[in-house]
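Each of the next two complexes has chain A plus one more chain, namely chain B in the first and chain C in the second.
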Partner chain A sequence: MIRLLPVLDRKLLRDLWRLRGQVLAIAFVIAAGSALLVMSTSTYAALDATKRAYYERTRFADVFAPVTRAPVGLIERLRRIDGVTAAEGRISAFGRVDLPGAPPISARLVSYDASAAAPLNGVTLSAGRMIAPGRSSEILLLDAFARATGLGPGDDITVTADGQRETFRIVGTAYSPEFIFAMAPGEFVSNDARFAVIWASREALEAAFDLDGAFNDALLTLSRDADLLAVIETADRLLAPYGGAGAYAREDQTSDRYLTEDLEQLRVMDRIMTPLFLGVSAFLLNVVIGRLVQTEREEIGLLKAFGRSGGEVGWHYLKFALAVAVLGGVLGWLGGLYLGARVSALYSSVYHFPFLLYDPPVRALGTSILAGVASAGIAAVLAVRAAAALPPAIAMRPPVPPDYGGRGSLPRWLDQPSRMVARRILRAPLKAALTIVGIGAAMSLTVMMGFNAAAVDEMVVRSFDIADRHDVGVTFTDPRGRAALFALGRIDGVQRVEGRRDVPVRFVNGTSERLGSITGLSGEAELSRALGADLRPLDMPAGGLVLSQSLARLLGAEAGDEITVDVRTGSRPSIALPVAATADALIGTPAYMDEGVLGRLLGEEGRVSGAVLMVDSARADAVTERLREAPIVLGVSLQSESLAELDRMLDEGPGLFRRIMMVVSIVIAVGVVYNSARIAFIERARDLASLRVLGFTSAEAGYVLLGELALLTVIALPVGGMMGVFLWIVVAQAVSTDLYSIPTVFDPRGFGVAALTVLISSVAAGLLVMCDVRRLDLVSALKVRE
Partner chain B sequence: MRTLRGSRRRAPDAAPPEAGQRHEDAFVIRTLTKVYGEGTAAVRALRGIDLTLPDGELTVLLGPSGSGKSTLLNILGGIDTATDGEVLFRGVALTGASQRELTRYRRAHVGFVFQFYNLMPSLTALENVELVAEIAPHPVDPMEALALVGLEGRADHFPSELSGGEQQRVAIARAVAKNPTVLFCDEPTGALDSRTGTEVLAVLQDLNERLGTTTLIITHAAATAAMADRVVTFADGRVGSVACNEDKARARELSW
Partner chain C sequence: MAARPRRSRRGVLALVLASLVGATLVWAFWPRPMAVDLEDVTVGPMSVTIREEGRTVVRDNYVVSAPVTARVSRIELDPGDPVKGGETVLAYMMPADPAVLDPRTRRQAEAAVEAAEAALAAAEAEHGRALAERTYAQSELARMTSLRRVEAAAQRDLEAARRSAEGAFEAVAAAQATIHAAEADLRHARALLEPPERMMAQMTGNPHPPGALPIRAPVTGRLLQVMHESEGVVAAGTALAEIGDPEGDLEVEVELLSSDAVAAEPGDPVRIEAWGGPEPLAGEVERIEPWGFTKYSALGVEEQRVIAVIRFTGKDAARARLGHGYRIEAVIEIWADPQALRVPSSALFRAGGDWAVFRAQGGRARLTQVSVAQDNGVVAKVRQGLAEGDSVVTHPSAELRDGARITQRKTG
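On to the complex of A and B.
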């Protein structure tokens, strides 16, 4: 078989085999970069496609219009708005679910017409069956909540709605496009076990909320060319007489917003991290292939002496680079495919999609091979051009010793092997610098990923240990007077109670709008606080808003600006408020105000919508029991659960992503260090053999080789650290989203892990190369010319 | 199997280079065989060599390429191992010695001079000599070694700043600096012009006579034979003839 190939191709195959260790190491560097490309591209594409398909199949609404109570007849008028393709009116309200032994759980109750052919916001059954027509005691339960609590079809569930307790029979569990992220009111972390979504028949909810022949939530779908803002304006006008709270677009819907933000972060990872990793691996390849070809100078000269043209020789080495690049590209594509499928599946379960559209990214195969080919190819062409430019006679002459003259003197106390190390570095400082930068670049990726992991930890610590230090959060069924707080304070085991007022609003600054809420904080608040840039609690200004930096950025507002706040509850006033300060909030986009001032603005002074508690952990169960008995409590959140849930979410989706990138960065670092060592060995095989013949032991000869590498590696450590810091400053900005601001912290562990990786891989590479030194064929190494 | 580890009397490196004590023979070689490769691809480089090289002599090995002379030199120098047969260095078996023992043997006893000099390009002439002096048990002052080859004036020059003949003389100084028991020269004049070549040979002859270092020189140039105590010719992996010169020529009188 091999005999059928042209001679040069046979040489190529044998060269590939001879250099298999390095070929594999380089291929792995390419594979690491392209696996990341394939993984992140395909994960983003899969989730984005899944989201779109899911929304379309379930006819997920484009506009949501909550209202106090509107007659069903109004739906027809909504449907006739220009651009609206479908409209439905439903009943949507909050209630409370009581499970044995658990604190009260807030629930979203939604009417669902199971008989409709194609309802908007359609649910997808995961178990059981749909609600049978006319059966007002049957309900569907959100799949995620059912899983988290162990409930399922056939179980009964007790729901308190509008003060009345009623028991329903669960007949099915379901997914919904509306609750891909399910979040209890007032929460900023999705906790599957602490928020129930219940679909019940219209009759059941009409009775419970006294909404006979009426609806309190309209859903609209729009045609592609519809004018979204015009539709919202018209809907608001139609619903205003019935207590319209302000229609909002799908992008302001909680679940969609979280999903969009998460996907955006993935997309940024794909757009920024992937080119970064590919870029670094391309640069390293360039260095490695370039040096590899240089070690073949003599062969290039010989080939030319035999009459091969420069082009033929160049093509020969280019094919070498291409072979390595294609090997790496294919390996990377396969690896990326596997990782992409795994990561997508994980994300899709975190997101509660009923299905996942994962297509093998064919285009990414081309891209990843192309990236490898381009970086390897350019390096090969440059190196071959330099080598092929030599007159062929060079190869026929005994090697001319490289010139080491005029490089200054070294201290007398240095022994000769150390002099060899020092002179080699001094003679070719550019080459040494390239090796340092190469190792540094590989290390910087690991440093950056270490910082990234630490920043996520820091984000959680700042949010849970510094800003929000309460143990239990309580949401009331409706705003209450101070007496409710005193009642909570009297519960045995509650050590501290602070009221809070959450007011749903729409922030408007010029053309920027954002749905959100204002949290009223009291001056004495210690459990739930807004933090300044220095992480100290902010004093609430007497007349003005404190916006989180993320919200201020979204609205394009800064301290001193005046923005409009449309309150979406009560008498729905529209108020102009000055932005007094900005706060450092890493999760979500909160806004704060002095509780008293907020109350006065709403004309509801002294009323609170919930409370945060500090609880004696020994009596936590007793406190839970008392909260179950309190009818004013809509739901309870446990900080420890939220923390665990946030940890889990960050760990499973983005965490896996980060860990994979960490591994990729380590593979790149190891590949580079090993290649540097191997090439240094090839370049110096003759000198090393000479030393061995002169009576140096393998270890002594190895010192001349590895001493240089060790010195360069040690210099590369701080260089890599600094490059990592620089990368992180750039990347931290990019990976922050509206929901998660990634703090630019520099954790020493980031340096530590990266430095250790480089050191361990250097030692491993050193040991591998030492085996080569031991195996040096002394006889042939002396015969073969450099 | 005549040269098993267990049958060795002493490790080679333990043979002390005691001053003044003359050994009869530096090397005794018995039915030495070297085969490269296996099966049909096997190349028999040495086909049973029997040879005795007395201490202190200058021996020239002559023969065409592939006749086995380099293979023999490499085995005697401890950088290659025999397939069968026995080599005794001052009565101690080299065949069967471990890599570690061979390294110690080279370190203590062997000086090498190669066709392409094999100097460390990053070290000056003096430093190249010091490189070996640093690890040898009984070294000569490196500057003295350079003076022996007439290069004391070029001590601070790097190999790239020296001519081929000068580089080879540095290589000889380097070999001599460890005060070797034996000096192996593989085509030391192969890369040099005739005039420079005779100069190098003259240095080798001078060292042999002054220091009494057993010296083996491989060469293509038959004329070199005239300067040797003993001339061994090789053909097809066998010793063709061994001749002793009653009347040695001076190296400077040679030409080829």
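On to the complex of A and C.
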């Protein structure tokens, strides 16, 4: 069959086979970049589509409107607001679950009308059955919590709410779009075992919270073209007389916010990392294929001498590049497919999506091939044009040896081969520079990923060892007086107590709005503080706000600006506050104020909403037991658990991504180094053969070639390091999310790993090339075609 | 030939390059010391305290109450006004108003008036009759006397006439007395009908109502509280005002947990904070009451509490602004050591059941067991294991190990 192909195509196949090592290396470099592209786009697309479908199928509300107490008749009026398609009133409150042997667990209680035809924020059962209408002791439990604590249908659970203790029977476990990320109030890490969500019948909660015939949380779904701001304004106006705390849109709902942030990070990885990787591989391929085609000078001349037109020749070599590119693209697509499916499945299980809409990204196949083709093709075309422009006779002759004469002479103490190496570099600095930049660029990706990993560790250290150093955090059901702090201090085993005042607010800066909270800190806070840019604890300014950098960025505010703060509890004042400074808070988006000033602004001085404790680890269990007995304690968080959770969370989704990108960057680095070595050999085959003929041993001939490579590689190491630093500065900000910011720190080990990778692959490539040098067919290498 | 030196020169170059690369790698992977916060173990004063909320109370306060059910005038003095014992008049007492009559009682009273008027008229008539009787008896006596003189009448008749005359005199007197009684009854009956407004008019708005009794302040001091400000009738025993001396007689009451009450002793120095002034005030524990009572703690659990009384020991002028019932925070020092070997509490952690610290020695962290005498949450007194001047790691990270390289963090 081969015989049926035209001659040029047969040559193409033979060339591909001959250069199979390099073809594979280039293909892998292309594959690496496109696998990343396919993986991230398909993962993002799958998760985004799944999220949307999930929200739609469960009728996830668009607007949430908490109130203190409103009559159910008001729901009808809410439904009549222009743009609202459905409205529901429910009872939502916080309580406490006590399990034997565990610290107090915060719980969110939500009323659910199981008999309604299409309830908003619908739950999906994962085990057991729905609560039967009329049975007020039956509840559904959040699936994540149930699995983390081993509870299930048939078990009883005791809940303390509003000062009363009730026992419920769990009849089923469920998921809900509202609690994909479920966090206890005051926490920033979701710990499945420390926060429970309970769906109970309306009757049970009405009785428990004294809300007969009333609701304290309204849900609205809007039509597609509804004016969100207008609906929120109208709802606020209707609910204000009933203690409306301010309606907010779905994007401000805790779970959706974190989910969107997480997915956004995937998109950022996709938008920034992938073009980065693709760009680097494209650049490198340009260089590699360009040089490869140039080594075919003689063949090109021969073909032209045989009568092929410049166009035909050009097309032939283009086909070579295309073949490699298509190979790389297909490999990348397959790899990306596999990785995408795995990463999507992982994320899907982390988010507890009940289903996953993963479409094999066929379109991405085209994109990935296109990417490879683009990078390879352009280089090939340019190189071929240059070579094909030469008249055949000149082309077939060996290239004119570069002129090594000229200015200066090299130090006498260098031996001949070393001087050859030095000469070549000094006389063709552009080429040397290109090689250095090429290797440096490949290395920089690995360096950046190394910095990324180290920066994530640093973020955890800063948050848990410098900023928040307490052992236990306690949240109260309501703000309390300072006597509560003294009472906590008296518990045997508690060494130190510091109070906190967390106030839920809405930050408004012009058109930017954000729901969040302000933490009141005292000047003597030692266990939990706000850090400045130099990691020094910040003194709370008198009368001003200290925003974390991430929050300041989100609001578009700077030190010196004035922003409005709408307080969402108590008398709900709206206060204008100046931004006094920004804090280096890496986890969450906190804002801080002096607690005395905060208390005065709220009209409630000296009150605390919680406390942080330093606890003797030998008495930790006893302390936890005493906290369980205290009715005003809503929830308890253990720093050690939060740290473990954060580590686990960072390791799962984003960690997997980072590991994949690290592998990709290594593949690219290895591929580039290998290619550079082999192409250098091909280019210099004639020179090396000449050397051999002149009497140099293969070792010495090899030294001339490899010496140059080694020198260039060593010079490339610091260049790669610097490029990696630059890349990291650009990327660090982009990969920060609402949940955590990654500091721009540089760990030399990141550079070390990348340098090792480059060195090891250089040595391996060098050894392979050395074999080629030994096997050099002197006769054919020196032949000149006539 | 020259081949040998050239090769060795080549070898030297390769060696130089390799060592350069090697040095870079070594620098990259050299284990970096962990950044930690270090603090010194010092000798100095240290105390263990009990901190509790409390309030100020005036030691002796006097509640002025109404001695009888009476109408009390409006108390014009305001809380905070100075009063002088035995002189300052707080209010005036007047007899209470008579009751207002309902229609039936009114008719009864009116009937009683009529009855009394009738009785008076009867008494007057009786008086007239008695007068007439007396006149006759007198003339009869005169006649009998003159007849006896001429022995025209018997001795017995004379004595009978005398008896009638004396009887008639007495009858007049009796009738007069009956008239008096009837007049008094009439006044009594009329009094029931007397409208109260006339009595009230005498008192209202009158700072010195005639016949009113002044209620004076029992002691010198300040008016602390006015319980019954407005004019009105109060029952006997109703508290009207409270007087005390917040400037000279103020002390602090703190409800201590019973186990804390055992630890505290009279004479322990106390620092009074959060009272609103710039500097904390000085005090000392005066007494600890032996009576425990049940109370719900701030955390919502039941506790047994004991009242501790704290006396101010500083200058009076410093706390001039404090009144009665003001919230303060009392910091009672139950243990102090002026020369204690102190290690920051945040450096302590449990290692195998005992306390330990990481001591900085030669750039490395050394796990050192210590034994601690007292810990007040900020510093702890070291019994053994550390010496003055030792540097320890505060808030040691969970990843710090014995022997690890450490360096002082260059931050606050």
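We adopt the following convention: the second predicted complex is superposed on the first by the 746 of 786 C-alpha atoms of A that agree within 3 Å, B and C clash if a C-alpha of one lies under 4 Å from a C-alpha of the other, contacts with A are read in each partner's own complex, and residues count from 1 in each chain.
Keep in mind that, in the parts below, a residue touches a chain if its C-beta (ideal position, glycine included) is under 8 Å from a C-beta of that chain, and two chains touch if they have at least 3 such contacts.
This one's a predicted model, so the numbers in the text were calculated from it and none came from an experiment.
So in the superposed three-chain picture, is A:Arg271 touching just chain B, just chain C, both, or none of them (first/second/both/neither)?
So A:Arg271 meets neither chain B nor chain C here.
Regarding the shared-chain residue A:Gly489, is it in contact with chain B (first), chain C (second), both, or neither?
Only chain C; A:Gly489 stays clear of chain B.
Does the superposition put A:Arg648 against chain B (first), chain C (second), both, or neither?
neither
Looking only at contacts as defined up top, I'd like to know whether chain B or chain C touches more of chain A.
Partner touching more chain A residues in the overlay: C.
I'd like to know which partner A:Ile466 touches here: chain B for first, chain C for second, both or neither.
A:Ile466 sits against chain C, while chain B stays out of touch.
Kindly classify A:Phe696 by the partners it touches after superposition: chain B alone (first), chain C alone (second), both, or neither?
A:Phe696 contacts chain B only, not chain C.
Now for A:Pro417: first (chain B), second (chain C), both, or neither, which partner does it touch?
Both partners, chain B and chain C.
Between chain B (first) and chain C (second), which does A:Asp687 come into contact with in this model arrangement: first, second, both, or neither?
First partner only, chain B.
Find the residues of chain A that appear in the contact set with chain B and again in the contact set with chain C.
Touching chain B in the first complex and chain C in the second, residues 415-417 of chain A appear in both lists.
Give every residue of chain A touching chain B within the complex, in rising order.
My answer: residues 398-405, 415-417, 419-420, 423-424, 427, 686-687, 690-698, 700, 774, 778-779, 782, 785.
Which residues of chain B touch chain A in the complex?
Listed in rising order, the residues are 74, 77, 79-80, 99-100, 103-104, 106-108, 110, 112, 114, 116, 118-123, 127-128, 130-132, 134-136, 157-161, 164, 167, 174, 178, 186, 191.
Going by the contact rule set out above, which residues of chain C touch chain A in the complex?
Within the complex, chain C contacts chain A at residues 6-7, 9-10, 13, 17, 20-21, 24-25, 27-30, 32, 51-53, 257, 260, 274, 297-301, 329, 345-346, 349-350, 353, 375, 377-378, 395, 397-398, 409, 411-412.
Note which residues of chain A are touching chain C in the complex, please.
Per the touch definition, chain A meets chain C at residues 413-418, 461, 464-466, 469, 480-484, 486-490, 495-497, 526, 534-537, 606, 614, 616-618, 629-633, 640, 643, 703, 710-711, 714, 717, 748-749, 751-753, 755-756, 759.
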